[in-house]
Every structure is written in C-alpha cells, then in structure tokens.
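Here the chain labels run A, B, C and D in written order, and each chain numbers its own residues starting at 1.
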Amino acid sequence: MSDKHLGINRRDFVKGVAALGLTTGMLGIRNMAMAAEGSTFTFGRIRETKHLDPHSSQLSSSWHIQHMVYDSLVTLDDNFEVQPSIATAWEWQGNTLVFTIRDNAVFANGRAMTMEDVTVSLNRALKSKGNPWGLLLRNKTAITAMDGNKLSIEFNGPNNVALSSLAATLVCIVPTVEEASGEWDPKTDMFMGTGPYSVESHTANDRWVLKANPHYWGGAPKTDTVVVRTIPQAQSLVAALRDGSIDAASFDGNPDAPALLEGAPDIEISRLDTTDFYYIGMNAVAEGSPFLDKSVRQAVAMCIDRKQLIEFAFAGRAGLTYGWTQWGLTDDSKLPIREPDIEKAKAMIEAANLPTNKIKVLVREGDTLSAVAQVLKQSAAKIGLDLELEVVDGGVWAKRTWGTNPSDMQMVVSRYTGFAHPLIITAHWWAPEMSRFTKGYVPENPEYSAALNKAVLESTGDEITPSLQKAYEILNEEAVKVPLCTDIDTIAWRSDRVTMSPSREQAQNDILSGVETFEMKI
Amino acid sequence: MLFIAARLGLAALTIAGVATLVFFGMRLIPGSYADLFFPLASEADREAISIEYGLDGSALEQYILWLGKLLQGDFGTSLVTNKPVIDEIVQRLPLTLELGFLALMIIAFIGFPMGIISGMFHKKWTSQVGRHSSTFLMSIPNFVLGSLLVYAFSVNSLGLKAGGWAPLSEGLMENLKYAILPAFTLSITGLGLVLATARSSVLGVIGQDHILAAVSRGLSPKDIFSKHIFRNALIPVITIFAIVAGYLLGGTVLVETVFSLDGVGRLLVNSITRRDYPVVQIGVILTATAFVLTNTIADILYGIIDPRVTEKNDG
Amino acid sequence: MALLEAQNASIDFWAGPPWARRAVHALQNVDLSVEAGEVIGVVGESGSGKSTLGNLFIGRLKPTLGTLTYHGKPLASIPRRERAGRFAAVLQHPKWSLNPMMKVGDSVIEPLQLLGKAGSSREQQQRVGEILERVSLPGNYQYRYPHELSGGQRQRVSIARAMITKPEFVLFDEAVSALDVSVQAQVLNMIKDLQRDVGFSAIFISHDLAATRYVASRIAVFYAGKMVEDAPSGHFYETASQPYSKGLQFASGLLDNPDFELKLGENTKVITGCSLNDRCPLAYDLCKRESPPLRHFDQGLRVACHLNEE
Amino acid sequence: MANSFSDSSDSDTPTSIHDSASTHDNGHGDVLIEDSGAGANNPSPGQRFTRLLRVAGPTTVIMVLILLSMIFIGIIEPYLAIADYKNIASGPRRSAPTIQWLFGTDNLGRSVFARVLEGIRLTFLLSVTAVVAAGIVGSFIGMAAAWYRGIFDTFIARMADVLFAFPSLIFGLIISAIIGPGSFAAIVAIFFIVLPTMVRVVRGAAIGVVNRDFVVAAQISGASTARILFKHIFPNVASVTVVQTAYLLSIGMIIESSLSFLGLGVQPPASSLGALLREGSAFLNIAPWMVLAPGAVLTLAIFCVNYVGDAARSIIEPAQPRPLE
C-alpha cells in the first residue's frame, strides 16, 4: 500500500466532508477516533537506516526508526533532562541506581514486558559487539531485578554519566523471550519493542512502514501508520513536500533547507539544534605524520576561521564552538586556542620546519563535510600548509581512520553524532584507552584521563564542572581533535496536513520524538 | 544450432568472467562490512563479526564457496538487510525494467522515424537537422539532461513529476506521470544513435542501384519505401537496438540518482558504499547477463538474417 | 643437392571454432624439389593448395608431417637472420604489394637494410635507382608513394624489392594475375630476363597456364592438396598425362578438345578413391575405389592417375 | 556500452594464411586503381590546408575553433586574474549571474565562471590522458592480437567481452573505491572502459593488414616481428586509431563527468565539469546557474568533440561505416 494512494483518498475525503458542510466541525477536534482511523503520517529524510540490531547500531540514521519502536529505561526532554520511560522513577542509593519499572509496558505483539526482558536486554546490550556503552558504565558491577518492579544497577563508585547514558537506544529493551524462541530476530528489519510503533515492512533505501502499537503504555498513537521514506536529495524532499507525497521531512543538516523551502505554501519549518558536531582530527601517533609535533597541530587549530566556516559552509546555520563545551556546563572563553591567529600560526609552522607542506586529508563523504574541508583547506593555505582532500566513502574512512593502527591518514574531517550528556561523547571518545577505536591517531594523555575519570567517576555535584573544564582545556591545548561547530537540522512539515511539534533540541538524533502525538488534520 | 550453442557458451564464459571480476574487485576495496558497520568495535569483535557474516578466510576461499553456492542457485543474503539478495533486486527490477522499456519505446517511435525522414529527404534542411540533432543528442550526458528536467519541471510541472515514483499498480496514468521524464532522459543517447543509424542506412539504400532501378520501373513511392528503404534500414537499426537495450539495463544508475528513484542502479551504488558484497555481486552479474544476452540474441538473429555470419563461424 | 626439397610434406590447418575444430588437409604427402636455377610452375584451381605450397617453400608454414630442407638442412632450423636476403616473394595484389605509408624507395631498400648492407643514404638512393631502372621504371619513382603508381608499376617495384638482395629463391604467387594482359607480358618478360641474369630458383604459382608456360621449366599440378602431375614444361603442354591437367588446359583455352571439360564438383563432399573422380570425365570404377599413387615415368615425369598405369 | 558482436567472431575463423589469402582470389583483369584518395599530384602544405578547410566545411571549422579556444582558455586559466575568484568567500553566497559574476557564485561564494574554466581544463585533461593512453595501449594489444592470433587473441577477445559486459559506471565506482578517489582513479576507470573498444577496432583494422602482401614480403625478407608491427602494420592502422581516439574522447568525457557526478573524479576544490554539476545539483532549485552553466559548457564541449570527430572520420575514412557506439 502506498502513501501516495492514500494522499488522494485524503483529498477525496476532504471534498466529501466539505460537501456535507461538516468541515468546520471536523477540523481541529482532537482525538476524533474516526479521523485517526487508517491515517498515515509520511516522513521523508535524506539518509537510510542501515543498522538493524539496536544494541549495536552505531549509525544515527538507524535511531530515527529505532526510537519509535524501542524504549529505554529513561528518556530525555528538550533540555536533556532525564524523564521517565520504561522506568517511572529512579534514585541513587549510594552507588546503586534503583529504577522502578513500569508495569504497563507491552510489546507490539501483545505480550506484556517482564523484568526479565529488562535485565536480559541490558546485559545483552552491554555485551553486544561494538557497543561502546560498556565504557560509560565501566564501573558497573551488577544488574539485578528486585522485588516489586525494582531494578538495581550497582556501581563500585559514583558514575556521573550513568543515568543519561541509559536514555540511548543502544541500551533499549528488546523482546528477549521472542528472541530466545526465534520468533524475533534482532538482525532483521522487523523491529518490535514496547514503543509506540513497530515495523510492518521495509524496502531498503526506499521506505519503512510502521504500524501503531495499540498497547503502547503512553496511549494509542494518534496516527495509525508512519511511513519513513528515504529520499536522498534535498530537492526531491522539497518536491515531495510540495506535492503532498510526504507530510514532513528532515533535511539532515542541509544548511540551505530554508532557502530550498522558500515560497512553498503551507510549510512550517523548525530549526533543531543538535548535539552533533563537526571536527577535525590530526594524526599524532603514526610515524612520519607532521602532527606528531604539537605546535603544528596547534597552528592548524589556530588558523581555523570558524565564522567564515559557519557563514559559507553552513549558510550561517551552525552553532559556534571552540571546545566541547556547547552545553554550557563549562566555560568556552577560558580555552587557550580560540580566535584565529594567522601570524602566530604561520610562524609556528615555519619553526616546525616540516619536510613538506602537503598534508593528506581524509574526508568522509557528504556535501557539507566536503564544503567544510574546502574552507579548511583555504584557511590552512594562509599558514603555508597545502591540504590535499580525499573524499572517501564511510567504509574506507572508517577502515583508514579507526580500523588501522596507526591510522592510515594524516588528518580527517568528519562529524560525530552527539549524545545527551557531554561526558558521553567528547570525554570518552577522546580517551584512546577507553574508546580504543581512536588509538590509531590519538596518543594517550594521563593528565587528561585523570581529569576525565575524576569528572565521571569521582566527583559529585559541583565538583564535576572544574574537572571537566580542566579536561577540556587539555584537549584544546593538545589539539589532536578540534571541534569546528555544532550541527543543526531542519524539520519541515505541511501545516495543512499534520499537527506536530518536533523537539527543539535533537538529542541522540531522535528526529521523530513525540511521533505518537502527531496528528493528521483530516 | 551449433552456432547458437557456441554463442551461448561464449556468453556464459563472459558472465563467469564478470562474476570473478566483481567478486575480487569488491574484496579489494578497503574497509569491509565489519569496518563500516561496527566501526567502534574492537579488532577482535570485528573479526568475530566477519566470521558471523561468512566474511572470514582468504578471498579465494570465499570465492570458491560463493561460486559453489551460486551454481546451486543460492544467491545469498544481503549483509545489510539480512534478506535474500534476489528479493532485494526483484523488488526494484520493475522500476528499472519499466524505465528501460519506455526508453526503448521512445527510441523506436521517435528516433527511428526521425532517422528515416531525415535520410529520405537528404537534400533538404530536415536532413541537416537530423544529422546535427543526432550528434547533439549523443552529446548530452544524461545526468545533465536529467538535472535540467528536474529544474524545469519543479517550477512548472505540466502534470509530470520529476522525482519519485508511482508503481503501475496505481494506474497507468499515475505511473506515467512519474516515468516519462526519467525514461526520456534515459533514452537520449540511444535516441541519437538510432536516429543516426537509421538516417545513414536510409541514405545508403537510396543511393543504391536497385532503388534507382525500381524508380525507373515506375514503382510507386509507397512501395519503394516499404519494400526497399524501410526494410533495409531496419536491419542495422535492430542491431543497434539490441546494443541500446543491453546498455539501458545497466545504464540507469545516473538517471535513478538524478530523479531519486529506487531502482537496481541505485541499489548497486548504495550496496558498494555499504560493502554489501552479495548484493553487488549478484546485481552486477544480472546486469551483465542482461547485456550479454541481448547481444547474444541480436547476434543469433543477425546470423539468421545474414547467413554468412554463421558460415564464417562454422569454419 | 637440391636447393629446397619437400619430402612427404603435409600441412593441416585447424579450422572452425574451438568447439568444432577439424583438420583441413591443405597439402598431402608432397615430394617436390627445387634445384638451383630452376623455375617450377605450380598450377591448379583455387583451394588446390598452391599458395600453401608456396608458403611451405618460403618458410612461412611448417610442414605438419614430413620435412622441408634447404641445402639438406630443415628450413625451420635456420634462424631468421640467416635466411634474410636469400628468400624473396612477389605476391598477388598490386594494391597491397607495397606498404602504402612508405615511399617506394624505402620499400625497395628495406630487404637490404635488414641485411645491414644498405650503405649510406646516397648509396641507397643510387641502388634503388639502378634496380628500378632494371625493372623499367624511372629511378626517381623511388620518391613516390605507391598510390601514385599503377598496378603494373607496383608489381615491378615488388620485383625490384625482391631482387635487391640477389636472392637464391623467389616465390611468385599469382604475381601477374591481377594485371592487364599487355602489362602481364612485359612483367613476365622481365621476370624471365632477371631469372637468367640473377640465376635464382623460383616457384611460380598461377592459375593462368599460359603465363606459367612462359616462365617455368617444370609444371606441378595440384588438386585438393595433392600433387597429381609433375612434368617438364614441354611434355606438360604437349601431352599432359592427367585428365585434370588437360581439363585445366581446356579451361584456359590451350586445348580445344571438349572431351576434357571438367565437371562441377562439390567442394565439401568427402571423396573416397581418387579425389578427382566426381569431376573427371574419364573416371571409371577403380577411380571410385582407390586413390592412385604418384607414379614415376621417364624424364622426371610423375603422374597420379589410374589411366596411366597400363 | 558497446557492441560485443560482429568482429569478436573473427577469432574463430581458421588461423590459416592460406585461407585469408585465397579469399581475395578474385583478382584478375584490370587493377589500375588510383584508390587512396589523395591523387597523384603533390600539393604544397598550404594547398593541402585550404583543401582540408574546404572539405571540412564552415561548421566544422567553427567547431574546431570553439574547441581550440576552450582548450586554450583551460590551459591559461590558472594564470588569469579570474582564478582568484575560485577562492571561498571571494563573493557572496549563491549570487545569481551578474556582470561581475558571469555565471553567478556557488554556495561557498566562489565564481562559477572561474570554476567552469578550470572544469574545462580538468575534464579535457583527464579524458584526453585516459583516452590517449587507451589508444596507445589498445593499439599495441590490438595489433599483437591480430598478429599472433591463436590463444593470445582469444584471451584478449574474452577479456574485452568481460569489460564490455561489466556495467561501466559500477566498474568505475569499484576502481575508484579500490585505488582511492581522485584524478588517477578517474583516468584508470576511463582507460579500462574505453580500452576494449580500442582493442577491437585496432585488431579489426590490423587483421586486414597482417596478411597483406607487403607484410608477407617484409617477413620473408627477414624483418623482425617488432619491425613489422611498428613499421608496416602500425602506420596502416594509425588513421583508425586516431579516428577512434577522437571518437572515444567524447565517450571519455561523458564517463569522466559521470564519475565526477557520482563524486569519484577530481577531489575538491578542484572542479571538473561533472564535479561542478554534482555540487550544483544540491542547489538546483535555488541556484540553477550552478548546474546550467557547467551543464551547457560540458554539452557544448562534447558536441564539438563529436562533431569534429565525425568530420575527421569522414575526411580520413570516407567509406567507413560509423562505428556502432
């Protein structure tokens, strides 16, 4: 069944209703069972979900779908505050985190979720290959189900990222009984969880069709069917929005989305600030890399003209950041390397006496990344460095950057998917002894690790901020990975067809958060 | 008969060559499925994943294993979607086939008559227009034309859609709205080619003695056209047509990209970047088979039309 | 010792596509020797194996069975460099006898260059000029391109090229067939003169019996890869022994007895007995059963025909 | 991308000298042919040139001039003042065409006009390099296949079949993924895509030459294989090679731009015409000049190459039928 087809039906329906003179009465009335019956919300996006098993899905495009299907213990609101989900309440009892698990969660197949589902799922997630959450919860000692719908996670010390990290899909609750019996296979695309929707069908690169979970604990979703289509080009997304074959779209960081949408009638646009950010990495490990010399790294960090970058590569629509501090926990202005200083950087490069000024830059495929790399190339030229860009697909990029030790590159340009808590990604991804995959180009720095461990595992309350500030200052000064700016997304929807309120901030790429409350206007 | 068997044998050999080339080509690309999809996993974990997905062992071992399964009719499973490769391809085949078919129709019903007209009136301006426009049509890269159409029709759509798709099940008219522009884009090179071929073969026929003789015998222009010109022009065009048909099936990559269509071409491109080896392998083999078979059939037909070909081959 | 001698030489070709290979017996059990200074005319219809014989004697083809010796040694064992200059050929097509992209002079001097005996460019020009005049062409034709010459002129240039190294053996394969009758006579004359002066041996292949008669001292007749008659020129033209030879003569108008008109045969038919039995007007029972051997008679005459056995 | 029949069957004919010699056996009577076009008189270079112009016609001359000026501008482009406008932020973002910004500016504030000029150079550079390399290598292989025949020839024919049957853009994608994207990968991909056509055409032409009387005569005179190939065969297939190279150049340009359009050719900020089209296609609705300008120039360039190639073919080989591709 196609949404296109239904689109026509909807129009016909409007005509019929208008003829009966009932239009004014019908529109705007919420929860009209008749209206919701059979209604379909169609969403378009640029990227395709490639990862299927939620516990090893490391690509954010997968989360778009998984968020609608799977619930985690907790969730995050627009301000990254932890909110109840599968767990209705929680408290720290010493170093043990105790959750109260809701008793009305039901999988889409009608089976009620049990405590066993929760414990087995969490253990499964943490053991899953490539799931980095083991790192975040590294001082965890046991996950235990207790009487009266209580779940305890014991730690052998404080853990300041534990709670917010449990909001991720990577630690969601899956139907473990069905997995054991073979009824459900996490490696297929038939996603099923306790969330508002479950997957009905999927055509790779084309569309996901999701059906409402009638047993959803948050109340039956207002729209029966959600179709998520992959439309790889922004213009085609716009065209689809105009002709009504989709009701809403995410432009995935395309900075020109508002311009593309200009003049289209009945379209509402929402800017989503995200926790994703662009960065460059310099190889401070591989023999022969010019970036073994710290002053060269600092010179590169110093030459970056972020304002120009944001103006041109992002059409002015990106968040300025010098460190990893965009959440306001720490103070950006105290970082040692901030505003561009071309003269000083140039002098540092000259002093470094490099054998060649040519530097090979590995850029991950993508229009925006390519634009970012070109702006950087021009900045670096001002201090006498010649960046040679090499735009490669994700597989080559990952192999040469992360899959090889030492990394087979001198410099990389890429984007990190952001998570809710700054400590989750910046801090941990940064320490090679923890993140492991960056070992090939990031040297270990005991001073940093100490500051990080202090912030995550030893501090409480107000002590976190100074440790974190110190860690970020070290990062900034070391200049192995340099953040450029944070990304924004644009969500656009047909205001004449759907009522929706996308999250203001996009935590964990949950671009369809609240989808169960979206309502078709007919 | 022997000739046909021999041609089919050669076709099989060619396809086997393509299969080998694509298999090892894909393995030579840096970054495996595990690197791409489990980038944060440790080296040991990635190895475990490789074993899980049957990607361990040397390329040669994998090749032999794969070939064995292939010969038993096991086309494998997509690494990414975990569905049978054949399902993934069959799902997209209607779109690609329909585009190819429509493009061939456009070529047959526009290019061929235009070529004949251009050749018949070889002293008039129509012929020059035919000559130059065939060169021009062959000079437009189809993604340039496609982009142009996407631009033109997004502003003023005339009821046609530049991008997206409605399957035939939604009605022919609805389907054509979406299919016309990409099919036309796809046809452009073949259009020029057939126009040029038809034109030059008509020109060739017109100058020949038997046409002059027919004219002097007082044969009516209609008969001259249907008995001599049309038939003689058709033979080379059929040949070209087969080539174009083979090429179209594998040539939709760019058109599908420009019009955001989910066809076999895009599936292949996406599968390369996702290191979905089984899909790429089977997709390329199928495309090559389509190409080789159309050419082989044309070859055999040609052998039937022109017996000298078979004679030569039978020694 | 003969200059070149084929002993029981056969040549098979593999014809047809790989899956249906079959042997074509282009030459079967040929015994033929060429003495120094001797010109042998080889006649027969198309496909009789004449050109294959020529290629065998010039060393372009190796015998599948039997041997071809040059001064008693197998020709194939003699390296290319040692053969250079001792062999030459004048072939069929005036249009293709000379490299169209090379000036006439460069073509003519090439065999000498290959021997490393061409000398300075002035000497080269002089030699080419001389030899062109020897074949009745103006010396300055060496600066022209082949397309500026007529067919007869080109064949003369080919002859000049063949002669420039004073070879021991020259192959003429239909060398005059493509020329006008008047031009043919001039060229044949020239070949005869040159043969007398230079003293080379030659095989002169032609389907034109009149031309062959003019230059050859012995005639070998080929049919379907077999030699069916080998006779001194005089004997051949006066009293050829093979009905086939007579048929050829009738066909070229040298004989006016219609009794010897050859019937049309089927090329592809496999024939038992004498390979000529379906075409020979005189064939009888024995011819259909047995293939006649090549019998030796006086004056070096050799004939393969049951009619000559009594 | 091309026909795989007609001359691949040649390899199956008997490998005999005898056969091919006797098939021409219709030669008798008058062969006083003045066939090779150029007539008997020796014109001066000046006369030849004017005659060439007359044969070619005014349209061809115009096309040649357009082509030459494109190449010329492409070559001197880096030394022109306008090259500076390829810098990011040298103009406003996505400005429509004006007097100052002839083809408008792109999303990074660069002059599209300046980038198109560079694009002309790169597009020609890559496709000419690849096609000429394929012309040289293809000539070698084609001549060798025609000369040696047998297993070598069969092997070459089968390899060519495989390359033909492989979907060419997918082939390009895999090649460039293996050796890393960039100019070199694009050249290698174009090279292999056009090579089989080249090999077949040269082989076909060379087969007609290897048994020509002058080749046999040279062989008998003791010429080495190398000498025969280069002195006797190559000059006689050179015109085919040249015409085919000119023709494949347009194919090469299309492949180059297609690969760049898929993001695999030259690396940013270098701009081949296809790369510009790729970048521009994301802005089609809001900055159509980013697509229209390089698209029009690319089409014009390919048209000129095709047109001039056709003219060259009809001058060099008036009787040759048009190759199928």
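The criterion applied here is as follows: a contact is a pair of C-beta atoms (placed from the backbone, for glycine too) under 8 Å apart; a residue touches a chain by one contact, two chains touch by 3 or more.
Keep in mind that this is a model prediction, so the values were computed, not measured.
> C-D versus A-D: which has more C-beta pairs touching?
C-D is joined by more C-beta pairs in contact.
> Which chain maximises the distance between its CA centroid and that of subunit A?
It is C.
> Distance-wise, how many Å sit between the C-alpha centres of subunit A and subunit D, to the nearest whole number?
The mean C-alpha positions of subunit A and subunit D differ by 47 Å.
> CA centre of subunit B versus CA centre of subunit C: separation in Å?
Here subunit B and subunit C have centroids separated by 53 Å.
> For subunit A and subunit C, what's the span in angstrom between their mean Cα positions?
Their C-alpha centroids are separated by 87 Å.
> Counting only Cα atoms for the centres, state how far subunit C is from subunit D in Å.
Between these chains, centre-to-centre, one finds 45 Å.
> Residues of subunit D that touch two or more other chains: which are they?
Within subunit D, the residues that touch at least two other chains are 12, 14, 177, 281, 284-285.
> What residues in subunit C touch two or more of the other chains?
Only 15-17 qualify.
> Residues touching two or more other chains, restricted to subunit B: which are they?
29-30, 150, 154, 272, 313, 315
> Which of the residues in subunit A end up touching subunit B in this complex?
2, 4-5, 48, 50-52, 56, 58-59, 129-132, 185, 187-189, 202-206, 231-233, 235-236, 238-240, 243, 245, 365, 393-400, 402-403, 435-437
> Using the touch rule from the top, collect the residues of subunit C that touch subunit D in their complex.
13-18, 24, 26, 46-47, 49, 51-52, 55, 58-61, 80-81, 83-85, 87-102, 107, 110-111, 114-115, 147-148, 150-152, 158, 161-162, 165, 171, 173-174, 177-180
> Which residues of subunit B touch subunit A in the complex?
On the subunit B side, the touching residues are 29-33, 35-42, 45-46, 48-49, 78, 80-83, 88, 91, 150, 154, 161-164, 166-167, 170, 174, 259-260, 262, 266-267, 270, 272-275.
> Quick one: in the complex, what on subunit D touches subunit B?
1-5, 8-9, 12-14, 158-159, 161-162, 164-171, 173-175, 177-178, 250, 254, 257-258, 261-262, 274, 277, 280-281, 284-285, 288, 291-292, 295, 298-299, 302-303, 305-307, 310, 321-322, 324
> Show me the residue ranges of subunit B that touch subunit D in the complex, using the header's touch definition.
10, 13-15, 17-18, 21-22, 25-26, 28-30, 132, 135-136, 138-141, 143-144, 147-148, 150-151, 154-155, 196-197, 200, 239-240, 243, 247, 250-251, 253-254, 257-258, 268-269, 272, 280, 284, 287-288, 291-292, 295-296, 298-299, 302, 309, 312-313, 315
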